[in-house]
Amino acid sequence: MTFVPGAAALFILGMVAIGLLRALRGPRDADRLLSVQLLGTGAIAALLLYGVPSGDASAIDVALTLALLAAFASIAFVKAAGGYDDEPS
Amino acid sequence: MDAVVDFMSIVAIVAGAAFFAAGTIGLLRFPDTMTRLHALTKADNLGVGLVILGLLPRAGSITAGIKLLLVWLLVLFAGAIVSQLVGRVASREPPR
Amino acid sequence: MIDALNAGIALLLLALGAYAVMAKDVFAALVGYIAYGLLLTLAWMQLRGPDVALTEAAIGGGLTGAMLIAAATRLRDRDAAARAPMPGIGARVLAATLSAVVASAVAWSVASLPEPAATLAPQTLAAMPALEVGNPVTAVLLGFRALDTLLEAIVVVLALIGVWSLAPDKAWGGRLGRLQHAQPDGMLAYAARILAPIGIVIGMYIFWIGADLPGGKFQGATLLAAMWLLVWMAGLTDAPAVDRRWLRAMLVAGPLAFVAIGVFGAVQAGAFLAYPAGLAKPLIIVIEIALMPTLTLVLALVLVGPPLREPER
(Lines give C-alpha, C1' and ligand atoms only; values in the text may rest on other atoms or scores of the structure.)
Protein backbone atom coordinates (compact mmCIF):
# COMPACT_ATOMS: atom_id res chain seq x y z
CA MET A 1 0.00 0.00 0.00
CA THR A 2 2.95 2.29 -0.30
CA PHE A 3 1.56 3.80 -3.46
CA VAL A 4 -1.38 5.36 -1.60
CA PRO A 5 0.29 8.66 -0.58
CA GLY A 6 1.65 9.18 -4.10
CA ALA A 7 -1.67 8.35 -5.73
CA ALA A 8 -3.50 10.60 -3.26
CA ALA A 9 -1.10 13.45 -4.06
CA LEU A 10 -1.73 13.03 -7.78
CA PHE A 11 -5.47 12.91 -7.22
CA ILE A 12 -5.51 16.00 -5.01
CA LEU A 13 -3.44 17.96 -7.50
CA GLY A 14 -5.78 16.90 -10.27
CA MET A 15 -8.74 18.07 -8.23
CA VAL A 16 -7.35 21.50 -7.41
CA ALA A 17 -6.24 21.88 -11.03
CA ILE A 18 -9.82 21.32 -12.11
CA GLY A 19 -10.81 23.82 -9.42
CA LEU A 20 -8.74 26.38 -11.27
CA LEU A 21 -11.51 26.46 -13.87
CA ARG A 22 -13.30 28.64 -11.37
CA ALA A 23 -10.43 31.08 -11.67
CA LEU A 24 -11.10 31.12 -15.39
CA ARG A 25 -14.85 31.54 -15.19
CA GLY A 26 -15.67 33.02 -11.80
CA PRO A 27 -17.29 36.33 -12.42
CA ARG A 28 -15.65 38.11 -9.50
CA ASP A 29 -12.12 38.42 -8.21
CA ALA A 30 -13.22 36.78 -4.97
CA ASP A 31 -14.06 33.56 -6.83
CA ARG A 32 -10.65 33.53 -8.46
CA LEU A 33 -9.01 34.02 -5.10
CA LEU A 34 -10.95 31.05 -3.74
CA SER A 35 -9.61 28.74 -6.42
CA VAL A 36 -6.06 29.92 -5.75
CA GLN A 37 -6.61 29.25 -2.05
CA LEU A 38 -7.70 25.74 -2.98
CA LEU A 39 -4.62 25.33 -5.13
CA GLY A 40 -2.40 26.45 -2.26
CA THR A 41 -3.99 24.04 0.18
CA GLY A 42 -3.81 21.23 -2.36
CA ALA A 43 -0.17 21.99 -3.05
CA ILE A 44 0.56 21.80 0.68
CA ALA A 45 -1.23 18.44 0.91
CA ALA A 46 0.58 17.06 -2.15
CA LEU A 47 3.92 18.35 -0.85
CA LEU A 48 3.42 16.58 2.45
CA LEU A 49 2.15 13.40 0.82
CA TYR A 50 5.32 13.22 -1.22
CA GLY A 51 7.80 14.41 1.37
CA VAL A 52 6.82 12.79 4.64
CA PRO A 53 6.71 9.10 3.62
CA SER A 54 10.12 9.41 1.98
CA GLY A 55 11.54 10.94 5.14
CA ASP A 56 12.28 14.36 3.67
CA ALA A 57 11.99 16.67 6.67
CA SER A 58 12.38 19.81 4.59
CA ALA A 59 8.97 19.18 2.99
CA ILE A 60 7.29 20.15 6.26
CA ASP A 61 9.27 23.39 6.46
CA VAL A 62 8.30 24.27 2.91
CA ALA A 63 4.67 23.46 3.76
CA LEU A 64 4.86 25.79 6.78
CA THR A 65 6.24 28.61 4.65
CA LEU A 66 3.65 27.99 1.93
CA ALA A 67 0.81 28.08 4.42
CA LEU A 68 1.97 31.36 5.95
CA LEU A 69 2.74 33.11 2.71
CA ALA A 70 -0.33 31.94 0.84
CA ALA A 71 -2.34 33.41 3.72
CA PHE A 72 -0.36 36.63 3.47
CA ALA A 73 -0.89 36.93 -0.29
CA SER A 74 -4.62 36.21 0.06
CA ILE A 75 -5.03 38.81 2.79
CA ALA A 76 -3.14 41.35 0.69
CA PHE A 77 -5.37 40.52 -2.27
CA VAL A 78 -8.60 40.88 -0.34
CA LYS A 79 -7.48 44.14 1.19
CA ALA A 80 -6.60 45.52 -2.22
CA ALA A 81 -9.54 44.18 -4.19
CA GLY A 82 -12.13 44.96 -1.59
CA GLY A 83 -11.14 48.39 -0.41
CA TYR A 84 -11.57 48.91 3.30
CA ASP A 85 -12.76 45.52 4.36
CA ASP A 86 -13.09 46.11 8.04
CA GLU A 87 -16.18 47.37 9.67
CA PRO A 88 -17.33 46.85 13.24
CA SER A 89 -19.60 43.86 13.00
CA MET B 1 -0.63 -3.05 15.82
CA ASP B 2 1.52 -1.77 13.02
CA ALA B 3 -0.88 -3.01 10.35
CA VAL B 4 -3.84 -1.37 12.08
CA VAL B 5 -2.04 1.99 12.26
CA ASP B 6 -1.05 1.62 8.61
CA PHE B 7 -4.64 0.88 7.63
CA MET B 8 -6.02 3.85 9.57
CA SER B 9 -3.42 6.07 7.99
CA ILE B 10 -4.49 5.01 4.50
CA VAL B 11 -8.15 5.49 5.36
CA ALA B 12 -7.42 9.00 6.61
CA ILE B 13 -5.42 9.93 3.52
CA VAL B 14 -8.12 8.62 1.17
CA ALA B 15 -10.79 10.46 3.15
CA GLY B 16 -8.74 13.64 2.95
CA ALA B 17 -8.46 13.29 -0.81
CA ALA B 18 -12.23 12.76 -0.98
CA PHE B 19 -12.79 16.04 0.85
CA PHE B 20 -10.58 17.81 -1.66
CA ALA B 21 -12.76 16.38 -4.40
CA ALA B 22 -15.84 17.60 -2.55
CA GLY B 23 -14.33 21.05 -2.20
CA THR B 24 -13.52 21.23 -5.89
CA ILE B 25 -16.98 20.10 -6.95
CA GLY B 26 -18.49 22.66 -4.61
CA LEU B 27 -16.26 25.40 -5.94
CA LEU B 28 -17.28 24.64 -9.49
CA ARG B 29 -20.96 23.90 -9.07
CA PHE B 30 -22.28 26.16 -6.33
CA PRO B 31 -24.21 29.16 -7.55
CA ASP B 32 -22.51 32.09 -5.87
CA THR B 33 -19.45 33.31 -4.01
CA MET B 34 -20.72 32.77 -0.48
CA THR B 35 -21.67 29.14 -1.08
CA ARG B 36 -18.38 28.48 -2.86
CA LEU B 37 -16.61 29.84 0.20
CA HIS B 38 -18.46 27.23 2.22
CA ALA B 39 -17.21 24.45 -0.05
CA LEU B 40 -13.65 25.71 0.06
CA THR B 41 -13.42 25.57 3.82
CA LYS B 42 -14.32 21.89 3.79
CA ALA B 43 -11.29 21.12 1.66
CA ASP B 44 -9.14 23.43 3.73
CA ASN B 45 -10.04 22.13 7.15
CA LEU B 46 -10.91 18.49 6.70
CA GLY B 47 -9.02 17.73 3.51
CA VAL B 48 -5.66 18.86 4.82
CA GLY B 49 -6.50 17.77 8.36
CA LEU B 50 -7.26 14.17 7.41
CA VAL B 51 -4.23 13.99 5.14
CA ILE B 52 -1.99 15.23 7.95
CA LEU B 53 -3.66 12.85 10.39
CA GLY B 54 -2.87 10.02 8.01
CA LEU B 55 0.73 11.17 7.68
CA LEU B 56 1.37 11.53 11.41
CA PRO B 57 2.31 7.86 11.95
CA ARG B 58 4.81 8.15 9.09
CA ALA B 59 6.47 11.29 10.37
CA GLY B 60 10.07 10.64 11.36
CA SER B 61 10.06 12.13 14.85
CA ILE B 62 7.96 13.90 17.48
CA THR B 63 9.24 17.24 16.20
CA ALA B 64 8.10 16.41 12.68
CA GLY B 65 4.71 15.38 14.05
CA ILE B 66 4.33 18.66 15.95
CA LYS B 67 5.35 20.60 12.86
CA LEU B 68 2.74 18.72 10.82
CA LEU B 69 0.06 19.71 13.32
CA LEU B 70 1.32 23.29 13.14
CA VAL B 71 0.90 23.24 9.36
CA TRP B 72 -2.70 22.10 9.84
CA LEU B 73 -3.37 24.81 12.41
CA LEU B 74 -1.96 27.45 10.09
CA VAL B 75 -4.02 26.26 7.13
CA LEU B 76 -7.13 26.19 9.34
CA PHE B 77 -6.48 29.66 10.63
CA ALA B 78 -5.54 31.18 7.29
CA GLY B 79 -8.63 29.61 5.72
CA ALA B 80 -10.86 31.02 8.42
CA ILE B 81 -9.41 34.52 8.10
CA VAL B 82 -9.60 34.63 4.32
CA SER B 83 -13.15 33.28 4.39
CA GLN B 84 -14.23 36.05 6.74
CA LEU B 85 -12.55 38.73 4.68
CA VAL B 86 -13.82 37.44 1.35
CA GLY B 87 -17.27 36.98 2.86
CA ARG B 88 -17.45 40.62 3.91
CA VAL B 89 -16.32 41.84 0.52
CA ALA B 90 -18.68 39.47 -1.28
CA SER B 91 -21.67 40.40 0.81
CA ARG B 92 -21.24 44.08 0.12
CA GLU B 93 -20.99 44.32 -3.64
CA PRO B 94 -23.77 43.08 -5.86
CA PRO B 95 -22.57 40.15 -7.98
CA ARG B 96 -21.14 41.39 -11.25
CA MET C 1 3.29 7.75 -11.27
CA ILE C 2 5.99 10.28 -10.59
CA ASP C 3 6.21 10.98 -14.29
CA ALA C 4 2.50 11.57 -14.46
CA LEU C 5 2.76 14.02 -11.57
CA ASN C 6 5.67 15.89 -13.10
CA ALA C 7 3.96 16.05 -16.49
CA GLY C 8 0.80 17.29 -14.80
CA ILE C 9 2.66 20.02 -12.93
CA ALA C 10 4.47 21.11 -16.08
CA LEU C 11 1.25 21.35 -18.09
CA LEU C 12 -0.52 23.20 -15.31
CA LEU C 13 2.37 25.66 -15.07
CA LEU C 14 2.13 26.35 -18.79
CA ALA C 15 -1.62 26.84 -18.54
CA LEU C 16 -1.29 29.20 -15.57
CA GLY C 17 1.45 31.16 -17.29
CA ALA C 18 -0.69 31.57 -20.38
CA TYR C 19 -3.62 32.67 -18.24
CA ALA C 20 -1.56 35.19 -16.31
CA VAL C 21 -0.34 36.74 -19.55
CA MET C 22 -3.65 36.75 -21.40
CA ALA C 23 -6.13 37.66 -18.66
CA LYS C 24 -7.93 40.90 -19.31
CA ASP C 25 -8.26 42.08 -15.75
CA VAL C 26 -5.13 42.87 -13.77
CA PHE C 27 -6.37 41.20 -10.61
CA ALA C 28 -7.29 38.06 -12.53
CA ALA C 29 -3.77 37.96 -13.97
CA LEU C 30 -2.37 38.41 -10.47
CA VAL C 31 -4.36 35.44 -9.25
CA GLY C 32 -2.80 33.39 -12.05
CA TYR C 33 0.64 34.66 -11.09
CA ILE C 34 0.28 33.71 -7.42
CA ALA C 35 -1.06 30.29 -8.39
CA TYR C 36 1.94 29.90 -10.71
CA GLY C 37 4.29 30.66 -7.84
CA LEU C 38 2.59 28.15 -5.55
CA LEU C 39 2.82 25.41 -8.16
CA LEU C 40 6.43 26.24 -8.96
CA THR C 41 7.24 25.54 -5.32
CA LEU C 42 5.95 22.03 -5.81
CA ALA C 43 7.99 21.72 -9.01
CA TRP C 44 11.17 22.70 -7.18
CA MET C 45 10.52 20.09 -4.52
CA GLN C 46 10.10 17.50 -7.25
CA LEU C 47 13.48 18.62 -8.61
CA ARG C 48 14.99 17.99 -5.16
CA GLY C 49 15.71 21.64 -4.49
CA PRO C 50 14.17 22.38 -1.07
CA ASP C 51 16.13 25.61 -0.59
CA VAL C 52 14.86 26.97 -3.89
CA ALA C 53 11.37 25.69 -3.07
CA LEU C 54 11.47 27.62 0.22
CA THR C 55 12.61 30.76 -1.55
CA GLU C 56 9.98 30.34 -4.27
CA ALA C 57 7.22 29.85 -1.72
CA ALA C 58 8.36 32.89 0.24
CA ILE C 59 9.29 35.33 -2.50
CA GLY C 60 7.53 34.08 -5.62
CA GLY C 61 4.29 33.08 -3.97
CA GLY C 62 3.84 35.62 -1.27
CA LEU C 63 6.02 38.66 -1.46
CA THR C 64 6.17 39.46 -5.19
CA GLY C 65 2.49 38.60 -5.37
CA ALA C 66 1.76 41.19 -2.71
CA MET C 67 4.10 43.65 -4.42
CA LEU C 68 2.28 43.29 -7.72
CA ILE C 69 -1.03 43.64 -5.91
CA ALA C 70 0.16 46.89 -4.35
CA ALA C 71 1.32 48.13 -7.74
CA ALA C 72 -1.97 47.16 -9.39
CA THR C 73 -3.89 48.94 -6.65
CA ARG C 74 -1.91 52.14 -7.16
CA LEU C 75 -2.48 51.99 -10.91
CA ARG C 76 -6.17 51.38 -10.42
CA ASP C 77 -6.43 54.31 -8.02
CA ARG C 78 -4.94 56.60 -10.60
CA ASP C 79 -6.99 55.13 -13.42
CA ALA C 80 -3.72 54.71 -15.29
CA ALA C 81 -4.78 51.53 -17.02
CA ALA C 82 -7.88 53.18 -18.43
CA ARG C 83 -5.89 56.06 -19.81
CA ALA C 84 -2.84 54.19 -21.13
CA PRO C 85 -2.88 53.42 -24.85
CA MET C 86 -2.88 49.75 -25.81
CA PRO C 87 0.44 48.77 -27.44
CA GLY C 88 0.10 48.42 -31.20
CA ILE C 89 0.04 45.09 -33.00
CA GLY C 90 3.65 45.57 -34.12
CA ALA C 91 4.93 45.96 -30.58
CA ARG C 92 3.04 42.92 -29.43
CA VAL C 93 4.32 40.75 -32.29
CA LEU C 94 7.85 41.89 -31.51
CA ALA C 95 7.42 41.08 -27.82
CA ALA C 96 6.01 37.64 -28.63
CA THR C 97 8.83 36.88 -31.07
CA LEU C 98 11.53 37.95 -28.61
CA SER C 99 9.98 35.86 -25.82
CA ALA C 100 9.73 32.84 -28.12
CA VAL C 101 13.37 33.22 -29.23
CA VAL C 102 14.66 33.48 -25.65
CA ALA C 103 12.52 30.55 -24.51
CA SER C 104 13.71 28.40 -27.43
CA ALA C 105 17.34 29.27 -26.72
CA VAL C 106 16.97 28.26 -23.08
CA ALA C 107 15.10 25.06 -23.99
CA TRP C 108 17.73 24.13 -26.57
CA SER C 109 20.59 24.73 -24.13
CA VAL C 110 18.94 22.61 -21.47
CA ALA C 111 18.16 19.84 -23.95
CA SER C 112 21.71 19.78 -25.29
CA LEU C 113 23.41 19.48 -21.89
CA PRO C 114 25.76 16.49 -21.81
CA GLU C 115 24.54 13.46 -19.91
CA PRO C 116 25.52 13.40 -17.02
CA ALA C 117 25.49 17.19 -16.78
CA ALA C 118 28.75 18.89 -15.93
CA THR C 119 28.65 19.90 -12.31
CA LEU C 120 30.89 21.11 -9.51
CA ALA C 121 28.87 19.31 -6.86
CA PRO C 122 31.51 16.64 -6.04
CA GLN C 123 34.21 19.26 -5.57
CA THR C 124 31.87 21.33 -3.42
CA LEU C 125 31.02 18.39 -1.21
CA ALA C 126 34.69 17.52 -0.91
CA ALA C 127 35.61 21.04 0.19
CA MET C 128 32.68 21.53 2.57
CA PRO C 129 34.10 20.07 5.80
CA ALA C 130 36.46 23.03 6.07
CA LEU C 131 33.45 25.29 6.48
CA GLU C 132 31.65 23.15 9.07
CA VAL C 133 28.21 23.85 7.62
CA GLY C 134 25.99 20.94 6.74
CA ASN C 135 23.90 22.56 4.01
CA PRO C 136 25.74 22.65 0.67
CA VAL C 137 23.65 25.58 -0.53
CA THR C 138 24.73 27.67 2.45
CA ALA C 139 28.31 26.54 1.92
CA VAL C 140 28.24 27.82 -1.65
CA LEU C 141 26.32 31.02 -0.95
CA LEU C 142 28.31 32.12 2.07
CA GLY C 143 31.57 30.29 1.56
CA PHE C 144 32.67 29.63 -1.97
CA ARG C 145 30.65 32.39 -3.65
CA ALA C 146 30.34 34.80 -0.76
CA LEU C 147 31.26 37.67 -3.08
CA ASP C 148 28.04 37.13 -5.05
CA THR C 149 26.00 37.24 -1.85
CA LEU C 150 27.73 40.45 -0.79
CA LEU C 151 26.96 42.10 -4.10
CA GLU C 152 23.35 40.88 -3.87
CA ALA C 153 23.00 42.43 -0.43
CA ILE C 154 24.26 45.75 -1.77
CA VAL C 155 21.96 45.54 -4.78
CA VAL C 156 18.83 45.07 -2.68
CA VAL C 157 19.68 48.13 -0.61
CA LEU C 158 20.17 50.06 -3.86
CA ALA C 159 16.76 48.80 -5.00
CA LEU C 160 15.18 50.25 -1.88
CA ILE C 161 16.93 53.55 -2.51
CA GLY C 162 15.53 53.40 -6.04
CA VAL C 163 12.02 52.98 -4.68
CA TRP C 164 12.58 55.89 -2.28
CA SER C 165 13.72 58.07 -5.12
CA LEU C 166 10.14 58.04 -6.40
CA ALA C 167 9.05 60.22 -3.50
CA PRO C 168 7.46 63.56 -4.33
CA ASP C 169 9.70 66.39 -3.24
CA LYS C 170 7.48 67.68 -0.49
CA ALA C 171 7.19 64.24 1.09
CA TRP C 172 10.90 63.65 1.55
CA GLY C 173 11.63 63.08 5.22
CA GLY C 174 8.10 61.87 5.90
CA ARG C 175 6.80 58.46 6.72
CA LEU C 176 6.84 55.77 4.10
CA GLY C 177 3.75 54.78 2.18
CA ARG C 178 0.20 55.61 3.06
CA LEU C 179 -1.38 55.23 6.45
CA GLN C 180 -3.30 51.99 6.48
CA HIS C 181 -6.80 52.12 7.90
CA ALA C 182 -8.35 49.26 9.76
CA GLN C 183 -10.56 48.74 12.73
CA PRO C 184 -8.43 47.81 15.73
CA ASP C 185 -10.91 45.10 16.70
CA GLY C 186 -11.73 44.00 13.17
CA MET C 187 -10.88 40.85 11.27
CA LEU C 188 -7.64 42.03 9.73
CA ALA C 189 -6.26 43.16 13.06
CA TYR C 190 -7.22 39.83 14.60
CA ALA C 191 -5.46 37.97 11.83
CA ALA C 192 -2.33 40.08 12.23
CA ARG C 193 -2.27 39.62 15.98
CA ILE C 194 -2.43 35.84 15.77
CA LEU C 195 -0.45 35.09 12.61
CA ALA C 196 2.40 37.53 13.16
CA PRO C 197 3.89 35.97 16.32
CA ILE C 198 3.62 32.48 14.82
CA GLY C 199 5.19 33.69 11.59
CA ILE C 200 8.02 35.38 13.41
CA VAL C 201 8.87 32.21 15.30
CA ILE C 202 8.77 30.18 12.09
CA GLY C 203 10.86 32.80 10.31
CA MET C 204 13.55 32.73 12.96
CA TYR C 205 13.45 28.92 12.93
CA ILE C 206 13.98 28.77 9.18
CA PHE C 207 16.78 31.32 9.46
CA TRP C 208 18.52 29.34 12.17
CA ILE C 209 18.38 25.90 10.55
CA GLY C 210 19.86 27.27 7.33
CA ALA C 211 23.35 26.28 8.36
CA ASP C 212 22.68 22.56 8.19
CA LEU C 213 19.23 22.14 6.63
CA PRO C 214 17.37 23.89 3.82
CA GLY C 215 16.62 27.40 4.92
CA GLY C 216 18.71 30.42 5.67
CA LYS C 217 18.64 34.14 6.07
CA PHE C 218 16.86 34.99 2.85
CA GLN C 219 13.82 32.81 3.43
CA GLY C 220 13.71 33.70 7.12
CA ALA C 221 13.94 37.42 6.32
CA THR C 222 11.09 37.09 3.83
CA LEU C 223 8.87 35.48 6.45
CA LEU C 224 9.69 38.20 8.98
CA ALA C 225 9.05 40.91 6.39
CA ALA C 226 5.72 39.33 5.42
CA MET C 227 4.63 39.22 9.06
CA TRP C 228 5.54 42.85 9.63
CA LEU C 229 3.66 43.75 6.44
CA LEU C 230 0.64 41.90 7.78
CA VAL C 231 0.69 44.01 10.92
CA TRP C 232 1.17 47.13 8.78
CA MET C 233 -1.71 46.21 6.44
CA ALA C 234 -3.94 45.78 9.49
CA GLY C 235 -3.20 49.32 10.52
CA LEU C 236 -1.67 48.22 13.82
CA THR C 237 1.65 49.88 13.10
CA ASP C 238 2.97 52.61 10.86
CA ALA C 239 6.00 52.59 8.62
CA PRO C 240 9.00 54.57 9.85
CA ALA C 241 9.94 57.93 8.42
CA VAL C 242 12.58 57.83 5.74
CA ASP C 243 15.04 60.05 7.59
CA ARG C 244 15.19 58.02 10.77
CA ARG C 245 18.78 57.32 11.66
CA TRP C 246 18.14 53.86 13.09
CA LEU C 247 16.47 52.83 9.83
CA ARG C 248 19.40 53.89 7.72
CA ALA C 249 21.89 52.41 10.17
CA MET C 250 20.20 49.03 10.12
CA LEU C 251 19.97 49.06 6.35
CA VAL C 252 23.69 49.50 5.82
CA ALA C 253 24.81 47.47 8.84
CA GLY C 254 24.45 44.20 6.96
CA PRO C 255 26.54 44.93 3.89
CA LEU C 256 29.04 46.89 6.00
CA ALA C 257 29.58 43.96 8.34
CA PHE C 258 29.97 41.70 5.34
CA VAL C 259 32.59 43.98 3.78
CA ALA C 260 34.37 44.30 7.11
CA ILE C 261 34.62 40.54 7.38
CA GLY C 262 35.89 40.46 3.82
CA VAL C 263 38.64 42.92 4.64
CA PHE C 264 39.44 40.96 7.79
CA GLY C 265 39.81 37.91 5.59
CA ALA C 266 42.05 39.79 3.22
CA VAL C 267 44.32 40.74 6.09
CA GLN C 268 44.31 37.41 7.92
CA ALA C 269 43.94 34.81 5.19
CA GLY C 270 45.28 36.42 2.06
CA ALA C 271 42.16 37.13 -0.03
CA PHE C 272 39.01 39.25 0.26
CA LEU C 273 36.29 37.19 1.96
CA ALA C 274 38.66 34.31 2.68
CA TYR C 275 37.93 32.73 6.06
CA PRO C 276 40.85 31.95 8.35
CA ALA C 277 40.98 28.28 9.29
CA GLY C 278 38.64 27.37 12.15
CA LEU C 279 36.83 30.74 12.03
CA ALA C 280 34.69 29.86 9.02
CA LYS C 281 31.49 28.86 10.79
CA PRO C 282 31.48 31.71 13.37
CA LEU C 283 32.12 34.24 10.62
CA ILE C 284 29.34 32.79 8.47
CA ILE C 285 26.95 33.02 11.42
CA VAL C 286 27.96 36.64 12.04
CA ILE C 287 27.32 37.50 8.40
CA GLU C 288 23.92 35.82 8.47
CA ILE C 289 22.90 37.61 11.68
CA ALA C 290 24.12 40.94 10.31
CA LEU C 291 22.26 40.53 7.03
CA MET C 292 18.91 39.52 8.56
CA PRO C 293 17.75 43.01 9.61
CA THR C 294 18.91 44.50 6.33
CA LEU C 295 17.07 41.96 4.21
CA THR C 296 13.93 42.08 6.35
CA LEU C 297 13.79 45.87 6.19
CA VAL C 298 14.42 45.99 2.46
CA LEU C 299 11.84 43.33 1.61
CA ALA C 300 9.21 44.94 3.79
CA LEU C 301 9.86 48.54 2.82
CA VAL C 302 10.04 47.93 -0.93
CA LEU C 303 6.41 46.93 -0.70
CA VAL C 304 5.43 49.87 1.49
CA GLY C 305 6.78 52.27 -1.11
CA PRO C 306 8.35 55.71 -1.10
CA PRO C 307 7.52 58.37 1.47
CA LEU C 308 4.17 59.88 0.50
CA ARG C 309 3.33 61.96 3.50
CA GLU C 310 4.73 65.28 4.60
CA PRO C 311 7.31 65.10 7.36
CA GLU C 312 5.88 65.62 10.81
CA ARG C 313 7.49 68.36 12.83
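Quick notes
Just so it is clear, A, B and C label the chains in written order, and each chain counts residues from 1 on its own.
Convention: a contact is a pair of C-beta atoms (placed from the backbone, for glycine too) under 8 Å apart; a residue touches a chain by one contact, two chains touch by 3 or more.
The structure presented is a predicted model; accordingly, all values stated were derived computationally and were not measured.
Taking the mean Cα position of each chain as its centre, B sits at the greatest distance from subunit C.
Here A-C and B-C are compared, and the pair linked by more C-beta contacts is A-C.
Rounded to a whole number, the gap between the C-alpha centres of subunit A and subunit B is 9 angstrom. With each centre defined as the average position of its C-alpha atoms, the distance from subunit A to subunit C rounds to 20 Å. Subunit B and subunit C have Cα centroids separated by 28 Å. Looking at subunit C, one finds that residues 187-188, 191, 195, 198 touch two or more other chains. For subunit B, residues touching at least two other chains, in rising order: 70, 74, 77-78, 81, 85, 88.
Within subunit A, contacts with two or more other chains are made by residues 33, 35, 57, 61, 64, 68, 70-71, 75, 79, 81, 85-87.
Listed in rising order, the residues of subunit C touching subunit A in the complex are 1-2, 4-5, 8-9, 12, 15-16, 19, 25, 27-28, 30-32, 34-35, 38-39, 41-42, 45-46, 50, 53-54, 57-58, 61-63, 65-66, 69-70, 72-73, 181-183, 185-189, 191, 195, 198-199, 202, 206, 209, 213-215, 219, 222-223, 226-227, 229-230, 233.
Residues 187-188, 190-191, 194-195, 198 of subunit C are the ones touching subunit B in the complex.
Of all the residues in subunit B, the ones that touch subunit C in their complex are 70, 74, 77-78, 81, 84-85, 88. Those residues of subunit A whose C-beta lies close enough to touch subunit B in the complex are 1, 4-5, 8, 11-12, 15-16, 18-19, 21-22, 26-28, 30-31, 33-35, 37-38, 41-42, 44-45, 48-49, 52-53, 55, 57, 60-61, 63-64, 67-68, 70-71, 74-75, 78-79, 81-82, 85-87. For subunit B in complex with subunit A, the residues that touch the partner chain are 6, 10, 13-14, 16-17, 20-21, 23-24, 27-28, 33, 36-37, 40, 43-44, 47-48, 51-52, 55, 58-60, 64, 67-68, 70-71, 74-75, 77-79, 81-82, 85-86, 88-90, 92-93, 95-96.
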